[in-house]
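One structure below.
Going in written order, the chains are labelled A, B, C and D, and every chain counts its residues from 1.
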Amino acid sequence: MLHKFPFSIAYADTDAGGIVYHGRYIEIAERARMNWLKEVALPDNDIGFVVRQLNIKYIKPLKLKDSFYVESEITKIGPASLEVEQKFVKDGDIYAILTAKAAYIGKDLHTKPIPEYILEKITKKEG
Amino acid sequence: MLHKFPFSIAYADTDAGGIVYHGRYIEIAERARMNWLKEVALPDNDIGFVVRQLNIKYIKPLKLKDSFYVESEITKIGPASLEVEQKFVKDGDIYAILTAKAAYIGKDLHTKPIPEYILEKITKKEG
Amino acid sequence: MLHKFPFSIAYADTDAGGIVYHGRYIEIAERARMNWLKEVALPDNDIGFVVRQLNIKYIKPLKLKDSFYVESEITKIGPASLEVEQKFVKDGDIYAILTAKAAYIGKDLHTKPIPEYILEKITKKEG
Amino acid sequence: MLHKFPFSIAYADTDAGGIVYHGRYIEIAERARMNWLKEVALPDNDIGFVVRQLNIKYIKPLKLKDSFYVESEITKIGPASLEVEQKFVKDGDIYAILTAKAAYIGKDLHTKPIPEYILEKITKKEG
């Protein structure tokens, strides 16, 4: 399943180079993931997903007032972790690709298996 | 005219107090103003509105995953400046009120009269 | 007592207007206040100071690579609240003035008197 | 050469998980690089270094009021690009490792050889 999150660039996202600040892509990607899971309640006071590693490739710069989509997709699933790929897409062109590895953490602060219904939510065919 | 901008809180917006970081309201308010003016092209390479003074009153704290509206309204119009009031409203309750005074700046970096069609856009009765 | 906090502007602080983003002054001011209180431990699991109202006047724009001081001073003290004024000063010129009103909050989430030793720390003559 | 940049965590850097927001490490790393190059003037209106790819591994979470160093070191040098490794180190422990690949961009927006005196500044034995 591909989750699409629309976003528009404000001054807060840009820097003096006249483009979107490279660190902002990470925030916008997190916003997209939150939107994806917004209806998912975590069980048992679990902490939930915690980012362990993150890779981002900047291909073309996004700019002030640009409107685009973050397209998110699960690319790997382990017993207590997963990998998500997030593309910043404007008018069919990819501006950046982010890959995040996240572990699922329980309330005891240790990794634990991702609950079945969360896996279903983020891997099902229809969005 | 009242402009309504929907927004949802992600981790990026929060702080270790468990609530939305007080500085983030300023960014979200700017995002709402950008959305309001997104179809307005500035003439003559004008710089546009620049915030000169800003006041914000924190009434109740917004939290992670909260969805709400920023309701923006022009409250004063001067020859080369205006005042906008922006309320953070969730389920009918006001969480914060921001007032911003902005000057309109031309490409020569000096204030100049706000173009007529921009005034019309932000003051007309219907949104 | 005047607390001075040195800071330098990076790309993260700027926006596409080529100047420091207006919302960033609020973050930098908070950083200065944290530095002021860094050796002060809060008693009894108190929450501590929470900003209730904030006013900022932008006088001149700070820019990329600018180095300056945030000069903070207590301007009012109430039984359970205080007001701090923070000036952004570069080479003797004031670029922005922020005034924050903060309440002191205990662990029960209600206001309570500011502990005596904290008042002493932030009001004593010598820094 | 190893460049060391001291930093302290304020509320602005944290999130509702009670730790430093994962996106903030990227900003703090940029601040450290700016500090490194603060005395280096770019020639010929060059744009300078632009981050093309970024990888970060989160090992242990930094928290509110933590004071630490960002230790930066050039790990690869190409004709018009370089790779820098940046470690977040508190009390001898590594909390995160960031690797950034940056291209050197001239005023015509194309890559060009990194000026000799900049290479010297960031690769010399003594800091």
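Everything below uses one rule, namely that contacts are C-beta pairs under 8 Å (C-beta built on N, C-alpha and C of every residue); 3 or more make two chains touch, one makes a residue touch a chain.
Here the structure is a predicted model, which is why all the values come from computation and not from measurement.
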Discussion item. What are the mutual neighbours of chain C and chain D in this structure?
Written reply: A, B
Item to complete: Could you see whether A-C or A-D has the larger number of C-beta contact pairs?
Response: A-D
Response to the item:
Whole-Å distance, C-alpha centre of chain A to that of chain D, is 23
Response to the item:
Expressed in whole Å, how far the mean CA point of chain A lies from that of chain C is 33
Worksheet item: What are the residues of chain A that contact at least two other chains?
Response: 11-12, 17, 23, 27, 30
Discussion item. Which residues of chain A touch chain D once you look at their complex with the stated criterion?
Written reply: 17, 22-24, 26-27, 30, 47, 50-58
Worksheet entry | Residue ranges of chain C touching chain D (in the complex, touch as defined) | 8, 10-12, 27, 30-31, 34-35, 38, 65
Fill in: Parts of chain B lying in touch with chain D, wherever the complex brings them together
11-12, 14-19, 21, 23, 63-64
